[in-house]
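The structures come next, written out as structure tokens.
In the two assemblies presented below, chain A is common to both, partnered first by chain B and then by chain C.
Here is the complex of A and B:
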């Protein structure tokens, strides 16, 4: 059967158009009208939508909470990148290099938190930090460090750092597997050659393993940065709601509060634009920064 | 030589130590949460971190009957199953067209879908809220289902096109020569051949929908429409005053058990799907 041109186009349209219409309505249109809304003062009802030009942006620059939310976001980005990458690299190298027999056990266990719901992770860790019943304070008391116990999530100084541990805990498995995949492709002959040259295991790690898995490291860092900037507010919302006294608000949770709790939808959209700009800018800069000559031996 | 062996053995044990500690750090809180769901409230206070004295299902009954968990499980099941199916219906034909029927603009459309994976969705949630309101889909689990399905389109199209590109073309070509219509080829040849990729995508999407919290928080309002995540979060916020920790643990356990079961069956598929999605995305 020879297809006519018309039939071919009809089939193409059948495949593409319905999906694209839904994608346009539920993804593309909201993104662009988000930009549009950022120029209005708007409490939600159609009647009182007032065009104020760059008014929301002026407010954004004068809002003293905004710089704090940005700082908090980048604090989480930096601590998560360091925490996850150091531990994931260590675990990946240890498991691959030592050819440990029970390696599948570690792979399975370490990865599991990656598919746990953030709700479960957040609530579980809220309880771990619970001042009177929680694991952290109980453990500190047990080893005789009563003076270190504190209401972790209730303290303005400690609440934000306390959010790092659950994020690292939940994230490490995925990146460990990514790095293990990279290490698996390195030919053994490199290590044999290095050993003949008298390089110890530490030198082998720095001179052979690390340069050769640089692509995986780069992707992992970018992935952590993107997912943190675009999603850190979920665990914040569940564990602290931005408090105490705004000390854990990140950009996304502040947007949620402004738009969906205080009904400043126009200003919320402006915060959304800021998140978009900052995350695109960060990814762009990071890609420049992480560019490195491809290593070939 | 012997000394070298000895230090080698010690170093192997030393390197295992962090691995074992981290395994404990992962397993202990989860195990403890599940054990806690069998404890009475009094026991949680007197012995928060040990084994329960006896296994009682009272907390599960309580959370199911009095704390809205039954509704949450039911709604989450609907959203998960319908959402995963809808994603497939939308993603399979598009992936096929983009991968196999190259046409002018196919790369552009593909890149448009893929770049949506990198863009923060928060900005879109404000207009989406009003859009759903206008369609009468706000506070409606079917509205949420559509939003979920569309939100997983980029990931699904990405994985499916990669998978389709690994399938040889001969079967489609010979079916076309035998006079099969392109619709028939898509349904009867491509879909069965791509089944492994389809299963991976479906499992990943289902876990995503089952676990999702924030869009449900924004787009659902009344308690009878709560998904499981919202219902659990509600209990957690109440527990600060009621101290009903046992019920909270039981509801967390209910939320995590389907994920554990899926992971037990499809562990390789899930970890492979996620790593590859992250590496190429």
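Here is the complex of A and C:
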């Protein structure tokens, strides 16, 4: 039976309209209302709002904490991308290429943190970093590095780097699975051919594996960047609350503080707009940087 | 590639939605809370059915039957628990059987009720306490009823004006009263009385003896004697600095600090106080891990004997009741930051009761506020919570149900030779307290000098004044 044009459009509308309505309610409406509130002085806990035009944006550019939060966010982005990608690739290649018998076991072990709530991870690592009872300082003392012990999360210098470890630990599993999926699709014949040509395993990794799993690597990097910019505030909020003295505040946690602790909801919405703009710019730049010719053998 | 950009972009777009999404969450939680309170309401009604006949007669005789309708009460449940509230609300219900009471209570109630306040549909009575609540903000936003005229006519059981019977007067906002302080809390410094007696440590009486006791404890036990929470710098600000400023400059200095007066942080007495804090840090008396502790962690460390002193309010024993080790005995002293020869200073931290400007049942709300301020409930408050209600003439000295530390503290507070009480005009705004607290943490970590802290503090007050 041939579909008439009308039937075709009806079917398309049936598929698209509900999706668009949901998208409008859950994405467009919050986005535009966030933008709208950014033009008001509003405590967020009362009905009265005062329109102040670009007042909140002027304040944003004059707020000395904002550049620090941006730097903290991009520090986490950079360290997480490097840490997660290097380790996830290493484990994925090791499990897939070395043909370890216990591969399924390791797969589960590495993926385990991904099924834990970030809140639980934050609390767990807060105990691990505890200056007197924590695993980190106890381990350092045990191996004779007592001078290296310090109040990790309580130090303005070390608190932010200390957040990297739990973030990387929590992120490896998912990306390891993605990369394993990519490696699994590479035909064994490429490796046999490479071996016949005299390529060692290191060369096989650089010349065969890496180019062929590049799409998965690219998606992984973009995903890490976006989730870090949008979601790193959870781990910050749980582990340090942005302190000491703003040394771990990221854009999201500062937004939370302004909107819900200092009752500057309008200004918080302005920070939200800034996060949106920076996230879009970052994703756009990454798309350009990660562009590569598709490899086919 | 295009799809990827779209997908990534959309995820990024969601961040602005965070603002509204959070609001949405509140509404949802609120809905759940509403259900819970619906049940609550039923249980109160059921309880009252059996008493209705007896109470109706009494109520009619007293002319209290005029008060009727729904009365919504919002109260935060924190360290003080909710048993006192249950008793008072139950008794109020007995006295006013025509009123249907709806309770909104819990540790997150301020956040859960936010959407009601935003949509101009607030509860009638609100007890302002706990995270997510700010009296100054509510007054700024015009959410609280001006009680100035009404409260001056309210009398206590003996016929004297209620205002004359309060330990501390209501906060004044340009001469207007928007709330009645219910809980007379005060911050001070806690120690383990049992261990002090056992080890023979002297309970400090001024800053010099404080430093010498901390030094002795550090030498004997190898611990940093002082701990506080770094995640909530206001614990140190309100628990140590505010009374120290009271002792150094009285009500006038406290007024100027709270209102962000220009140059206040550069005054000699303020600099001298901040130097005392630096002295504590330089001597290594402040636990170097405090920067990351939340209030519970710092309190646990204190109870476990990792530290000897902690600044917290009266609610500490009640809040940590389940974690107190055997042999531990709470000892309380006003924070000993004053110079030798001077009396201790305390600055009451009041938790007020207020009526919403848009209360739907203001008569019942006023009746409830009036009902609460009696000797009976003030005594019950100390028994239930281990803290003091803001009403004079309550004799706790012979009361076996009141914890010993409270009786001692109460006696001390009432002896002007030992303790001077100073007052802030109103609580400090979060916009001023937050930056001050952040820089204070740096000073206490040894990352900033007193001069740098004072520069930051002056900048924060200038921001607060809108300069």
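One rule holds for everything that comes next: the second predicted complex is superposed on the first by the 266 of 297 C-alpha atoms of A that agree within 3 Å, B and C clash if a C-alpha of one lies under 4 Å from a C-alpha of the other, contacts with A are read in each partner's own complex, and residues count from 1 in each chain.
Quick note on the criterion: a contact is a pair of C-beta atoms (placed from the backbone, for glycine too) under 8 Å apart; a residue touches a chain by one contact, two chains touch by 3 or more.
Here the structure is a predicted model, which is why all the values come from computation and not from measurement.
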Sticking to the clash and touch definitions up top, decide whether chain B and chain C on chain A clash or fit.
-> clash
Return first, second, both or neither, reflecting whether A:76 touches chain B, chain C, both chains, or no partner chain.
-> neither
Which superposed partner A:160 touches (first chain B, second chain C, both, neither) = neither
A:264 contacts which: chain B (first), chain C (second), both, neither?
-> second
Which of the two partners, first being chain B and second being chain C, lies in contact with A:85: first, second, both, or neither?
-> neither
Of the two partner chains, chain B (first) and chain C (second), which one does A:30 touch, if any: first, second, both, or neither?
-> both
Touching A:168 in the superposition: chain B (first), chain C (second), both, neither?
-> neither
Chain B or chain C: which reaches more residues on chain A?
-> B
Touching partner for A:243 - first (chain B), second (chain C), both, neither | second
Figure out whether A:273 sits in contact with chain B (first) or chain C (second), or with both, or with neither.
-> both
Touching A:221, do we find chain B (first), chain C (second), both, or neither?
-> neither
Clashing with chain B: of 7-15, 79-87, 223-231 or 349-357, the chain C stretch 7-15
Which chain A residues are contacted by chain C in one complex and by chain B in the other?
-> 26-27, 29-31, 33-35, 37, 44, 126, 219, 226, 229-230, 252, 255, 259-260, 265, 268-269, 272-273, 275-276, 279, 283
In their shared complex, chain A is touched by residues of chain C numbered 1, 4-5, 8-23, 111, 114, 117-120, 132, 134, 137-138, 140-143, 230-233, 288-294, 297, 301, 306, 430-431, 434, 438-439, 441-442, 445, 447
List of chain B residues in touch with chain A within their complex | 12, 15-16, 18-19, 22-23, 25-27, 29-30, 32-33, 44-45, 48-49, 90-91, 93-94, 96-98, 101, 103, 109, 113, 116, 118-131, 146-147, 149-151, 153, 176, 179, 181-183, 186, 207, 210-214, 217-218, 229, 232-233, 236, 245, 248, 252, 255-256, 259-260, 263, 267, 270-271, 274-275, 278-279, 281
List of chain A residues in touch with chain C within their complex = 26-27, 29-31, 33-35, 37, 43-48, 126, 129-132, 150-156, 159, 219, 222, 226-227, 229-230, 239-241, 243-246, 252, 255, 257, 259-265, 268-269, 272-273, 275-276, 279-280, 283-284, 287
Complex interface listing, chain A residues touching chain B | 1, 3, 7-8, 11-12, 14-16, 18-20, 22-23, 25-27, 29-31, 33-35, 37, 44, 87, 90-91, 94-95, 98, 100, 105-120, 123-128, 133, 135, 138, 169, 172-174, 177-178, 181, 216, 219-220, 223, 226, 229-230, 233-234, 237-238, 252, 255-256, 259-260, 265, 268-269, 272-273, 275-276, 279, 283
